[in-house]
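Each of the next two complexes has subunit A plus one other chain: subunit B in the first, subunit C in the second.
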Partner chain A sequence: MSKKKRILFVCATGIATSTVVEEKVCNYLRSQGIDFEADQRNVGSVPSIGNDFDLIVATTQIPYEVNAPVISGLSILTGLGADETLQKIKDILAK
Partner chain B sequence: MEGIYKGLYDFVQYFLGLGAIVMLPIVIFVLALCFRIKPSKAFRSALTVGIGFVGVFTIFSLMGDQVGPAAKAIVTRTGLNLPDVDLGWAPLSAITWGSVIAPFAIVLTLIVNLVMLAFKWTKTVDIDIWNYWHFAFAGALVYIATGNFFLGLLATGIAAVVIIKIADWCAPLTQKYCNLPGISLPTLSSAVFFPIGLLGNWILDKIPGLNKLQADPVHIQKRFGIFGEPMMIGFILGVLLGLLAGYDFKGILTLAIYLAAVMYILPRMVRILMDGLIPVSDGVKDFMAKRFPDRKDFYIGLDIAVAVGNPAIIATGLLLTPISILLAFIVPGNETLPVADLSNLAVFCSMIVVACNQNIVRAVIISIPCLIGDLLICSAASPLITQLATTVGYDISAAGGSNITAFLDGGNPFRYLIYQVFSGNVVAVVIAVVVAVLVFLTYKLTYKQTHPEAVEN
Partner chain C sequence: MKVSINAEAVKCNLDVSTQDELVRSLSNSLVRTGFVKADYPDHVLSREEKYPTGLPFDGFGIAIPHTNPEYVHKPTIAVATLAKPLVFRVMGSPNETVDVSLVFMLALDDGHTHLEFLQKVIKLAQEREKVQQLFSAPNDEELFHLVSAYLSEGAL
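Right, the complex of A and B next:
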């Protein structure tokens, strides 16, 4: 059995926009039957904990170097192109 | 007839007396139904908001219990008088959501935005419903000061119009620097500082020597990265306050760990509140999208949070953290100890950084007078904010009898100016006129900078 994938949701304060994105992404992934863990932080915390995650979904730029792939969650906020972004997230976790 | 009127009055009074923890879920439930959300989902959402409220208030008292006595000890030991506790924007928004004016302010802001769009006065479709509280807060302050509900709503409307216009104004720059195509940022707490940043940048550009200075964001992030994590800010601040209060080893570490806990847990509690608002937020989004299906030439108005990842903005926010603490101790007349809002300085400075074309040195120079203003204003506004908090059921004894305020959002100069103007302060009216003229001049002076496409043509 493979280890559970961990997703980090990031925005400026770790409160508002990342909550919306986290809710949408988690609902989608659960509906697809994917097993995962999620956490949420402000962007300033990324340098110290970012490398503990398999994927970072951020509503803002991540101005640091991290090992995990970073996906922009902006489309999920605006609704334009949200489906493609969700699909991309699923593909990364399925690897 | 009089009996009916009396009955209605009693009912409204009873409703208001329920307190935010009961009243806000009821309001959210009704709002959700208005946006055609299923009753079961609306109920769940309303209950979640109530739970978030309980969480916020709990952490809030925890903070008061710790910071209150330390602040008193600091006063007796050093003579520094910083009795007002900075809660940060999050509890302030919770308090505003719980105020009577909030549900009306949400609907009003929507109408204002729709009217502006219909008359082509703006390109911004503001779907960022969480930040409607900024407008509602302006209204709540005016309502508390004047006792007139309609003046409160008027203040909300004015705040909304001005901020939506500023969002249009800075959109070309935020789109360019923050990689946000088709997006504008109508968040009051940062938008207000955009004209100040533009004017400041224009002036600094004329000063020989100073106009050559640059700083490297990567280097600053490495040196000051510790201020990026709220828990670290809390811990460092706790140690500092413990030392100033003359606590022993155990006391210092206890305070530091409690403050780290507050900074770490508070966003999680607010998050619950936000979770509960998602269905209503989605309802608003659909509502706007249906009315303006051709969104191609519109900007979608989002939370300023999406811009804050810009390296120059983060670096400026990190630099301003120790600067703010220092300012709090040395600015005469300041009575506020910045705590919770210290982790939100990147939000505060974001539009200044953008206005300075991402020059960190200039952004810091312009931010300092703004922060001094914020400190003085949030100290002056603390009795009013405390009063507003009590009307939604906050127990004043929680902060050891100290007044509460919020460093950045309680100290916002634009909202305070609106409040002063509506309170009939003649000086404030004059200042408002001067500010309006200055903003207009700034618009003309910096026209090329904010209209890159006009230059190319």
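Right, the complex of A and C next:
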């Protein structure tokens, strides 16, 4: 029985860059046939909910300790190195 | 979706030496024409300090300074190509810096429109030839036309 992976998208305000990154990542994961759930918040929410997720993709620094791996979403915003980042995300979720 | 860019807030080869000068120069007409509140520039600057918006692309840097919706009356963007690159810290990696020569200052309100703005701006920045066109614009008007055209193109 596989549990659906949960991804948290984080940016400073929770509405701007995190949404752009979320769309791109979610489209990619869907195209790869990966089952997941996504949520999107501002960085201030991380301490209270960060540990409920399997992966955090952030376009801001996260100055908190979390158990989940944190990946920078910057490359997805700029396109530079986006492919590698998307692959990394896929690999983490496959664990 | 109609992108409302204030023609007076599009500056070609803007010659500024600090982020303060840059933000105030671009905010002037936005404040005057009622798109943003008078303290919008202060909040953009303090947000930039805390959450930098420099983005390194292929061979150039852009910045997308902005602030929270409560300082915005009507959503719009101000655009500038800079006469000389200005140092910004990189989004999400504030110990890194990038030389920025293209700035999109966003006045976002809370609606869904601002996300389309942002996506279009990001997409535009990823297209090298279009960015080169922006850098080559000879004057404010030409830059305004180019930006308006690029940002209202097609679906994402």
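Everything that follows uses one rule, which is that the second predicted complex is superposed on the first by the 95 of 95 C-alpha atoms of A that agree within 3 Å, B and C clash if a C-alpha of one lies under 4 Å from a C-alpha of the other, contacts with A are read in each partner's own complex, and residues count from 1 in each chain.
Basically, contacts are C-beta pairs under 8 Å (C-beta built on N, C-alpha and C of every residue); 3 or more make two chains touch, one makes a residue touch a chain.
Keep in mind the model is a prediction, meaning the values are calculated, not measured.
Asks: Identify which of subunit B and subunit C touches the larger number of residues of subunit A.
Replies: Greater contact footprint in residues on subunit A: B.
Asks: Just subunit B (first), just subunit C (second), both, or neither: which does A:93 touch?
Replies: Neither: A:93 stays clear of subunit B and subunit C.
Asks: So in the superposed three-chain picture, is A:40 touching just subunit B, just subunit C, both, or none of them (first/second/both/neither)?
Replies: A:40 contacts subunit B only, not subunit C.
Asks: Contact-wise, after the overlay, does A:48 reach subunit B, subunit C, both or neither (first, second, both, neither)?
Replies: Once the two structures are laid over each other on A, A:48 reaches subunit B alone.
Asks: Which holds for A:12: it touches subunit B only (first), subunit C only (second), both, or neither?
Replies: Both partners, subunit B and subunit C.
Asks: Looking at A:77, would you say it contacts subunit B, subunit C, both, or neither? Reply first, second, both or neither.
Replies: In the superposition, A:77 contacts both subunit B and subunit C.
Asks: In the superposed arrangement, which partner chain does A:60 touch: subunit B (first), subunit C (second), both, or neither?
Replies: In the superposed model, A:60 contacts both subunit B and subunit C.
Asks: Across the two complexes, what residues of subunit A are contacted by subunit B and by subunit C?
Replies: In subunit A, positions 12-13, 15-17, 19-20, 23, 58-61, 74, 77-80 sit in both the subunit B and subunit C interfaces.
Asks: If we count contacts the way the header does, which residues on subunit B are in touch with subunit A in the complex?
Replies: 90, 127, 130, 178-180, 182-183, 217-218, 221, 225, 227-230, 267, 270-271, 274-275, 278, 281, 285, 289, 295, 300, 302-311, 314, 317-318, 343-344, 346-347
Asks: Could you please specify the touching residues of subunit A with respect to subunit B in the complex?
Replies: Touching subunit B from subunit A are residues 10-20, 23, 40, 42-45, 47-48, 58-64, 74, 77-80.
Asks: Given the complex with subunit A, which residues does subunit C contribute to the contact?
Replies: Of all residues in subunit C, those touching subunit A are 47, 50-51, 55-58, 66, 68, 90-94, 106, 108, 110, 114-115, 118-119, 122, 125-126.
Asks: Please output the residues of subunit A touching subunit C within their complex, sorted ascending.
Replies: Touching subunit C from subunit A are residues 12-13, 15-17, 19-20, 23, 58-61, 72-74, 77-80.
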